[in-house]
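The data blocks that follow each hold one structure.
Next, two complexes with chain A in common: one pairs it with chain B, the other with chain C.
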Partner chain A sequence: MIRNLRILRRMVAAEIAQQSIYRGAWVIFMLANICTPLISLLIWRTALANGAQLPVDERYITTYFVLLGIATMTTSSWMAGFLANDIRLGKLSSWMVRPASLLLGFVANNLSEKFLKVFALIPMLGVVWWIFRDSMNVPPGFGRWALFVVTLVLGAILVFTIDILIAAFAFWMDDVSALVQARVIIGSVLSGAVVPLALMPEWSRGFINYQPYRYTVSFPVEIVAGNLSSTELMTGLAVQIGYVVAVGLLARFVWAAGIRAYSAVGA
Partner chain B sequence: MTHTHAISAHDLTKTYTFHQQRAGLGGALKSLVRRKYETRLAVDRVTFAIEPGEVVGLLGPNGAGKTTTLKMLSGLLYKTSGDLDVLGHTPSDRKHDYLRRIALVMGQKTMLWWDVPAMESLLLHKEMYGLSTVEFERNVAELAELLDVQDLLNVQVRKTSLGERMKLELMAALVHGPEILFLDEPTIGLDVVAKARVRSFLADVNRLRGTTILITSHDMDDIEALCSRVMIIDHGRLQFDGALDDLVRTAQPRKLVRATYATPVDVGPLTAFEGVSAVEVDGLTVRLEADRARTGQILEQLTRLGPLVDLDVADADVEEIMRDLFLRRGEAS
Partner chain C sequence: MRHLRLWRRFFAQAVVRETHYRAHFLTTLLVGLVQLGLGIVPTLLLFGFTQEVHGWTRAEVIALVGVYQVVTGLMATFIGPNLNRMTSYLTEGELDAVLLRPVSSQFYLTFRWINVAELSNVASGIIVLAFGLVQSGLTPNVGQVLQAVVLVMCGLVLLTAVWSALVYSAFWLQSVGPIGIVYLSVVEAGRYPLTFFPVPVRSFLTFVFPVAFATTYPLQALSGDLGWGSVGLGIGLSVIAVLLIRLVWQRGLRTYASASS
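Let's look at the complex of A and B:
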């Protein structure tokens, strides 16, 4: 464990060195990350100002979209396509003959990119926060913010594990890009990244509340923006932990079976 | 199975299952509905043992099964059947204790991080293999000197040439001092100077560290320079396992002789001499093939033909021998 952490630290350092070369790219990524929720925020605020009847108020909508950028950035994962490619093209081989977890490189890539993105995102978020400071729900005390951070970390782990699970199918399938694309599209809707889940139709409430993607983005943001009761908070946290464990175990099982089927193509 | 061998394989077999798809839109649509799966025997009951410190060449035409064998030995592939023991481990378990003792260099796959200097990859290996700082620095200094790459360690890998990159790959693979080094086409694409450097480095590593080396290469100069023993795999079967000299002797039992004289000579008596064949005369030069067992007597005959200026006796080119061997086997199958 300690050795893996030391390897991870070294990999993160190398990744940061590597990604710093392309500094223009992450500024553009961050602008895109903040612009999408900002545009959504303006649209929904305009709708409310024009008398739209929504099940949530303006303060909820504003807080939700201001925090959405940081939530999607923190919990995002982009490794499924890359990992699937490494499996399909046999590039996994050079990692398989070395004494370390095969996924450490992807964890390092994810952490280092997020570390760099934070530097661009925080100032942008600060500006947006300052603009909308009077129309946001800011929960008093430390509790909800701590829970926000914990659920963001769990959400990040959940997204990452879903990605491993999807990529692992590349051990048997020639092309998993359709699966990856489906995950991105379905995930962006069901996670609340496009439309707040609170605005989903009432009849879908049961499904929406308990499907896994809610716990990747929406749930952490709801903790700060919404009025979740203590029971709803604890239930949500338990469901999120349950998904992390269940998907984690499933991904581990599929991955282990996949490694046996690995054909290490290419010389 | 004894553990005194570095590598021991008994009836090692690997089969692949894959689906066939016809080219074109029709084939693609058909394969969506119905797929025809086939099983291919890549390695077929191969048995061999390699002792610590040996340098063995694994040869064979494309698709013969040599790279599949190498991948099973290094733990990348699971065997379908048979026994395989490398340094007392089952490679496919990929236990860290095992992976710390081996290294695999694939000529067409990189271990190095592309956008950062090679030193970053070496430092990563320091952590992966649990090397102390003293040990790491000593190994880096020794390898950098042997490979003459001191000036390249802090250059972005993508800015190095192919030859330089291969040297850095070898350095990354050997920095932890593996007991076995698996090499898959290590000199592919390199120029003659870089090839020579890599060969002499590998010979040094074997001599100085006692590293067992198993190498696949299509470049017979690699094999001649490094391997005292070769194994030939074809159609998944081990066709030959022995000394390179024995292979040459078996496949080409004649020596090539070239004699140059000061004045024209009559080669008539030679053609009648036992063990002589393929006599050719080109001006003052006479070329012939001589039976190995009678080479001494044939040379003596040559000295009697006239005033000798130059004499050259050589084995047939290994590359030619291999080409003939693979062609013959290909036709036979």
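Let's look at the complex of A and C:
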């Protein structure tokens, strides 16, 4: 464990050095990242101003969409396709004789890119926040913000393990790109990245509130934007931790089974 | 004229190429349909809470999404495959080989590659547009349809110019590889009528990033709310945009010093 962490630290440092060559690209990515929620924000504010009867108020909508960019960025994972390729093309073989898991490399890549993206995103977030400062919900005190950070980290772990699970299908299937694409598309709606889950129709509420994707993006943002009661907060946190543990165990099991089934193409 | 003949060759070759990759056609079709469905979700939810927004009904906005799908489908078919690889042409010196050819290099780099499979999105967009028009009870006459078609073409020219300007920045900035993503995320604003945005944003979407000409204006033309004045404005802006982008290209070429050899 300690040794793995030490290796991880080295790998992250190396990745950061490597990735900072593309710092221009990160700025561009983050610009795109902030644009999409901004368009949604303007649309929903117009609807509200035009008299639409939404179940949430203007402050909720504004805070939600302003913070959405940072939530989708910090909890994102883009490795499923790459990991599946490494399995399919046999790159995994060379890692099996190394003193660290192939997955550790992906963790390092994930952390280092996010580290660089934060620097690009925070100034943009600041500008958007400043523009909408009059209708932002800023929870008093430190508690909710701390929970925001904690749930973001848990959300990031959840997305990452879902990606491991999907990529692990490559042990048995030739082409998982359709699965990866399906995950991205389903996730974008169910996680609340397209429309706040609070605006989903009433009949879907029971499903929407307890499906795993809510805990990848929406839940952390709701903690700051919304008026979740402390019971709802605690239940949410428990459900989120439950999902992290359950998906983590499942991913571990499937990965181990996959390694046993692995036939090392190209060795 | 010669360029038109050349372009016909590009197209014929692309069709032949596509027949080799039938699975690609199918996945493009499926992904396009799912994305179209997803794109309508916010609109449907929005109109679950209200009857109309700034004079636009649900059916009209659905028709607008149809126009958006047609426009983005055409861009992804004819323009996207070219502009997406532009930065590698500029930063890796592949431009050299193009400059040597007996053809306008800007024409070649903007129209060489065609992704035929994306035309399926144009088809689904037309279906959605027709559905929206029938639902909203609009019956445009020939003149209005003509206005809409001209406006969509202006929109295509303007969007191509803006996207080109973005990628040509590689002449001066080098590392702008993923700049297409910025274009793709701003163009999303075209899913909604212009009046859904605050006034400063409206000007931005009309004159700086003129997606309004590609979606909102054509639909207004179909519902008869638009005179020929706006069509004239669209044509005028398109001409200016083409002249400007020619100029930017020529300026950029002068700074190009080839990366390889």
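Note that in this section the second predicted complex is superposed on the first by the 266 of 267 C-alpha atoms of A that agree within 3 Å, B and C clash if a C-alpha of one lies under 4 Å from a C-alpha of the other, contacts with A are read in each partner's own complex, and residues count from 1 in each chain.
Methods note: contacts are C-beta pairs under 8 Å (C-beta built on N, C-alpha and C of every residue); 3 or more make two chains touch, one makes a residue touch a chain.
This is a predicted model, so every value here is computed, not measured.
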| task | Could you classify chain B and chain C on chain A, in the superposed arrangement, as clash or fit? | result | fit
| query | Touch check for A:Ser204: first (chain B), second (chain C), both, or neither? | reply | neither
| task | For A:Met11, select first, second, both or neither according to whether it touches chain B, chain C, the two together, or no partner. | result | first
| request: Angle at the Cα centre of chain A spanned by the Cα centres of chain C and chain B: state it in steps of 10 degrees. | output: 90
| field | Contacts of A:Ala47 with chain B and chain C, given as first, second, both or neither | value | second
| Thinking of the overlay built on chain A, is A:Pro99 touched by chain B (first), by chain C (second), by both, or by neither? | first
| Touched partner set for A:Arg260, first chain B, second chain C, both or neither | first
| query | Which partner does A:Val195 reach: the first (chain B), the second (chain C), both, or neither? | reply | second
| After superposition on chain A, the shortest CA separation from chain B to chain C (Å) | 8
| said: If we count contacts the way the header does, which residues on chain C are in touch with chain A in the complex? | reply: 27, 31, 34-35, 38, 41-42, 45-46, 48-50, 53-54, 173-179, 181-182, 184-186, 188-189, 192, 196-198, 201
| Along chain B, where are the residues that touch chain A in the complex? | 16, 67, 71, 74-78, 94, 96, 99-100, 102-104, 106-111, 113, 115-116, 120-121, 123-130, 184-185
| List of chain A residues in touch with chain B within their complex | 3, 6-7, 9-11, 13-14, 17-18, 21, 90-91, 93-94, 96-100, 260, 262-264, 266-267
| query | Which chain A residues qualify as touching chain C in the complex? | reply | 22, 24-25, 28-29, 31-33, 35-36, 39-40, 42-44, 46-47, 50-54, 178, 181, 185, 188-189, 194-195, 199-201
